[in-house]
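Okay, so chain A shows up in both of these, paired with chain B first and chain C after.
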Partner chain A sequence: MTELSRAQIRDLMGQVLENQGKVLPDDDAADLREIGFRSLDFSELALRVEDETGEELNFDAAGLRRITSVGDVLDFLAELQRQ
Partner chain B sequence: MMSDPAPHAQVVPPSTVVLVSGGSRGLGLAIVTDLLDAGLKVAAFARTVTPELAKLGDVHPERCHVGAVDVTDLAAAQAFVRAAEQHLGPIDGLVNNAAVGQDSLHVHTATADLARIIETNLTAPLQLTRLAVRRMLAQGRRGRIVNITSICGQRGFPGLVAYSATKGAMDAATRSLARELGGRVLVNAVAPGFFASEMSAVLGQTQLDQIVRRTPTGHLTEPEEVVPVVRMLLREQTNINGQVLVVDGAASI
Partner chain C sequence: MSVDTARPAVPHPAGADNRVVVDGVTLSWRDLPELTLLAPAVLLAQHARDALAAARHHAVHGTELLLTTASRVDAALREELSAAGFTVTDAAGRGLAPARPRAPEAGRLWLLTSGTTGRPKRVGHTLESLTTVRGQQPGRTWLCPYAPGSYAWWQVVTLSLTQPGQHLVVVEPDQLDDWPALAAAHGVDAASGTPTFWRRALHRDPAALARVPLRQLTLGGEPVDQAILDRLRQVFPTTRISWIYASSEVGAAIVVHDGRAGFPAAWLDRAAPGRPTLGVRDGELIVTSPYHGAGLAGPVRTGDRAQVVGDRVLITGRLDSDEINVGGSKVSAGGVRDVLTAHPRVAWARVGARRAPLLGHLVVAEVVAAQDLDEAALVRWCADRLPEYAVPRRIRVLTEIPVKETLKSDV
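And now, the complex of A and B:
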């Protein structure tokens, strides 16, 4: 399976936000609430990663609760690809 | 993250390309016909493509995509959706209409028939919904879903135990999906009363006559009376979301 790098996932995350007229900050510590990145945006991003890798990414909602920053999103999806 | 509130309001645009399951006859065929008459693009499938549905495909080759698909065959449904999107463009509306009826008391319903009713009327629409929503989200689009349920999901009728269970379950799924999709996809259900058609043969003429007597409007529901409600939910700006709209002439109130 093709695995996307953290940087590639960051690019996709930027596209998700850009479609909504928002900007992804460079800082990985940026708070998701402040930049307006919601749970459905996370779903959209995960589906975009799936499209690129050809692998379905399924996960429990509980795993999302600790995600609060841009870096958390990138770490979570990078890790999920390896499972 | 899972509990973050809805952001500023964003309107879900009217659906333009609608996927209809079970579109070959009865209410499904009426929905397909109506949406085509309204100028929409429609992808319709059913286990068997009737001459009526095939004709709609022939009359509207640019706007209607038709295929023979068993709704319980997920791989076939996926292939149909892919082909339909290549033909018509991205699907932004879904009508879960395909269903099988029931004509047996619960104690005399074979285990295999219970499983078949649940698979067709509950598992399959949940799978089709998952498929459609995944495509909408992946492409950053908004959309609308209409689940065709039944008054059986809210009121009891003999001979329809498993059928009623699946329809009530779809009503419940409608509410949770509307919450889960956060206004990005509007999800509603339309619950018709009994049609004077084959799906109601189970009740017998005596019971149908009784329902008619208790219906203030004095007649059983016709597909043509349900179709405008489905179209409204797919097309109009109403802020209706997560609701089950009963169309039964007030028989059940």
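And now, the complex of A and C:
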């Protein structure tokens, strides 16, 4: 399985926002609500990761956690690939 | 199946002298080979010529017949048909004898439904119930691109068999990509096809399509949106463009000639002798038709989604596959498809659901672009016209419009 790096996931996140006419800030601490990254965008990002790796992500295996920042999204998806 | 080229002594149907072009050869219904079919018969036609010969055989002799292609009948269905008393014969002459022989039902024709909800099932008709064009028609040379034995195929075939002056040019599967050249060479001036069929022709070579001297152009078999009607109107400014709603179960139920998608809402619940009555119940099109299949009298739930929009009733797709649930919000895949195909650079689109975290599903799409097109621009086009949850989140660009034997993309 091809595993995407955190930087590669960040690129994909940038593409998701770009399609919405928005910009992904460089700061990982940026608040998702402030940049307008919502559940639809998160779901799309997950599909993009799946398309790149050719593997379905197993969200059932992921523990519940609070995701509020860009860094939280990147950490979560990076970890999920390994489960 | 055995072939006997001797002409039958019994009378031929009224259209027997109409011209039939098959495999590039021009002949008439009368010239087709005489088949020997053991009734009740299933003929798995490999070539259009065999299928036409079987249709004429039925018209002359009334042989109980199910006509289809080999690809639609798997081993299990062959056994099922044999158990139902049919002799199943393929084009190579291999036969499967009836497991339980029975007396044939004279005049009975069987069609297989398109099988959108699983295995194909048999619907009983007669030549009479399949012949929906009865009034005197202007002379036409019709294109027949449909798979033998489908409802649409019988519509064109019965017209040519029963009415003098209605000629036929048959398109074999390997001629589908270049049918406009064949049609132009043989003077085709009337053609019926699915929206996918027309989109492929527009996409592949619009100049070749424009050279076909069409006076009648018909669409059916799939939802017909305004974009395809408008594009065909650009190519054929003076042609009569119609769309038809028909199925094996309810027959030809709706015919619209005004160049607009959908049908007038004023037609709903209007009963008239000899005409189908149309209704919408819980978002589903309901048809009560005099042209229904055997055993389907009364209101028939079509399984097609219908919605009243202004003064029109739009048919957007199959109920069981049209609705996508995105985090509790309901999306019509057909509605999204119509937005995509309305984009001037989109030649074809298919919309579906993809499993996604948090929301259950997301809307995704495949498109074929007529010109260069980037995904972001298409997403913005949709975002300007659809609720946020209905905007396709993944759009895959294909190079060719996919088509199946039914001439449809999805079935």
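We adopt the following convention: the second predicted complex is superposed on the first by the 77 of 83 C-alpha atoms of A that agree within 3 Å, B and C clash if a C-alpha of one lies under 4 Å from a C-alpha of the other, contacts with A are read in each partner's own complex, and residues count from 1 in each chain.
FYI, a residue touches a chain if its C-beta (ideal position, glycine included) is under 8 Å from a C-beta of that chain, and two chains touch if they have at least 3 such contacts.
On a predicted model such as this, the values are computed, not experimentally measured, just so you know.
When both complexes are superposed on chain A, chain B and chain C occupy overlapping space and clash. In the superposition on chain A, A:Ile67 makes contact with chain B only, while chain C stays out of contact range. When the shared chain is aligned, chain B and chain C each come close enough to touch A:Asn19. With both structures placed on the common chain, the touch criterion links A:Ser5 to neither chain B nor chain C. Looking at the shared chain after the overlay, A:Phe42 reaches both chain B and chain C. By the touch criterion defined above, A:Leu57 reaches chain C but does not reach chain B. In the superposed model, A:Arg33 lies in contact with chain B only, and not with chain C.
Only one of the stretches 93-101, 111-119 or 201-209 belonging to chain B overlaps chain C in the superposed arrangement, and that stretch is 93-101. In the superposition on chain A, the residues of chain A contacted by chain B and by chain C overlap at 19, 39-40, 42-44, 47-48, 51. Residues 326-327, 354, 356-359, 362, 364, 375-376, 379-380, 383, 388-389, 393-394 of chain C touch chain A in their complex. Residues 18-21, 39-40, 42-44, 46-48, 51, 57, 59 of chain A are the ones that touch chain C when the two sit in their complex.
If you check the complex, the residues on chain A that touch chain B are 16, 19, 32-33, 36, 38-40, 42-44, 47-48, 50-51, 61, 64-65, 67-68.
By the touch criterion stated above, chain B contacts chain A in their complex at residues 1-2, 4, 7, 134, 137-138, 140, 181-182, 184.
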